[in-house]
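Sharing a structure below in structure tokens format, with a few things to ask.
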Amino acid sequence: MTELQVLLFASYAEAFGASAVTVSVPDRGTVEDVVAALRVLPGGHVLPARPLVSVDRRYAPGAVPVHAGQEVALIPPVAGG
Amino acid sequence: MTELQVLLFASYAEAFGASAVTVSVPDRGTVEDVVAALRVLPGGHVLPARPLVSVDRRYAPGAVPVHAGQEVALIPPVAGG
Amino acid sequence: MIRAAIVAAPIDVAGLLDEVTAECTGATTCFVGTVRDVNDGRAVTGIEYSAYAAMAIEEMTRIGTEARAQFGDVRIVIEHRVGTLGLRDVSVAIAVSHARRAPALDAQRFAIEELKRRVPIWKCEHYVDGDRQWVDPTAIASDAPAVARGGQ
Amino acid sequence: MIRAAIVAAPIDVAGLLDEVTAECTGATTCFVGTVRDVNDGRAVTGIEYSAYAAMAIEEMTRIGTEARAQFGDVRIVIEHRVGTLGLRDVSVAIAVSHARRAPALDAQRFAIEELKRRVPIWKCEHYVDGDRQWVDPTAIASDAPAVARGGQ
């Protein structure tokens, strides 16, 4: 298993009660595995079917592999402007 | 005949050597008559085939009648912005 | 809300933005025209703008009225400067606001296109070689409204 | 020339306009977003903006790069503010310049549309009745890029 820190913002930070959480994903895990691990945490019920995730500050589809040391973030629906 | 003052601007003011000229047009004359009268004045050769004319601060097609006391102007090709 | 002016002093662009912005607006746009160093391949040192001020103000106000008819309840201010301007000086500023961005953006583009097409303002370019010339956009392609042409 | 920033202090819109304007540019545009008094029929007293600043800056810079690829040699500066803003306060400003007006206008619209679609910034609206709510544009109609969605 690989431990990853996931950054949380705005409504997700409020739902999870933290600005970052650490999750464990299988070695050679993907963005999908990160989302699955987040979903079962307290607050995870607020996540939509396919939440946005970024890896190293770029949006990443579910199949993208994740590695220890990457900057992973869960992105609520954006509303800038 | 009706005497009308015609305002001149920019390149036309330079061509006619004045910021306004007075022309005589037939009673019940039109914008076309004004242009014809201007064309034969010194400097009138610079006018294009169908110069823009305004009457009372609105563009006026050639057939529009002109009356004494109206504000008539000959408008060079506009280039604002 | 519509305001149009021909001014001799420098245009206060931030002031125009502030003027159109209100508590009920969410999007403010601004178009600013500035004097460019090159036109048609010739090096420009400055531009002398002149206007038929009384008609220009009325025509710019009509453009504002048309913008409101087409794009909804926009607030719009148009100022055009006259006199001799140097490189980078602001010749025209159009500020538009609306509750939402699309009408503000549409009205901004409409206003500058119409201003260039029909507001009686002229520019005489001064070149590095000492020459000067009145700019005639119709010398390239006539885009003046056919219905508005007088003469024979 | 591209610059993007997330700022906590008030945005100096006139400064951004001046920053992008150069002797080689003739058209400068600016889009300014401000806090509006009503949203979806509810009376708003203010908006709290937050951002994933590091990614937001990178994403806004990418938008600038894409604008230059699509519309030519535009100069573009994007600043978005975070923190608690009151009515009429400026939340975002995008200044764009180009030698000619069409690319500046096109790039301005592209930049604000893309910013709203994909830059990781969030707003929590505060209402007159004391309630607050994170704004979720996808609750109305999803316009986020499908390819970018993770999860199952």
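All chains are identified by letter, namely A, B, C and D, in their written order; residue positions are counted from 1 within each chain.
Here is the rule we use: a contact is a pair of C-beta atoms (placed from the backbone, for glycine too) under 8 Å apart; a residue touches a chain by one contact, two chains touch by 3 or more.
This is a predicted model, so every value here is computed, not measured.
> When chain C is withheld from the analysis and all other chains remain in place, what is the resulting partition into connected groups?
Result with chain C masked: A, D | B.
> Could you pull out the chain whose C-alpha mean position is farthest off from that of chain D?
Max centre-to-centre separation from chain D belongs to B.
> Once you find the CA centre of chain A and the CA centre of chain D, what distance in Å lies between them?
24
> How many angstrom between the C-alpha centroids of chain C and chain A?
So the centroids are 49 Å from each other.
> At which residue positions does chain D touch at least two other chains?
Within chain D, the residues that touch at least two other chains are 33, 101, 112.
> Mind pulling the residue numbers of chain A that touch at least two other chains?
81, in rising order.
> Any two chains that touch count here, so list every such pair.
A-D, B-C, C-D
> Which residues of chain C touch chain D in the complex?
13-14, 17, 21-38, 87-88, 99, 101, 105, 108-109, 112
> Can you tell me which positions in chain C touch chain B when the two form their complex?
33, 49-52, 54-56, 58-59, 80, 91-92, 112, 115-124, 134-139, 144-145, 147-152
> Under the definition above, what is the set of chain B residues touching chain C in their complex?
Chain B residues touching chain C: 7, 9-11, 14, 31-32, 34-36, 47-54, 57-62, 64, 71, 73, 75-81.
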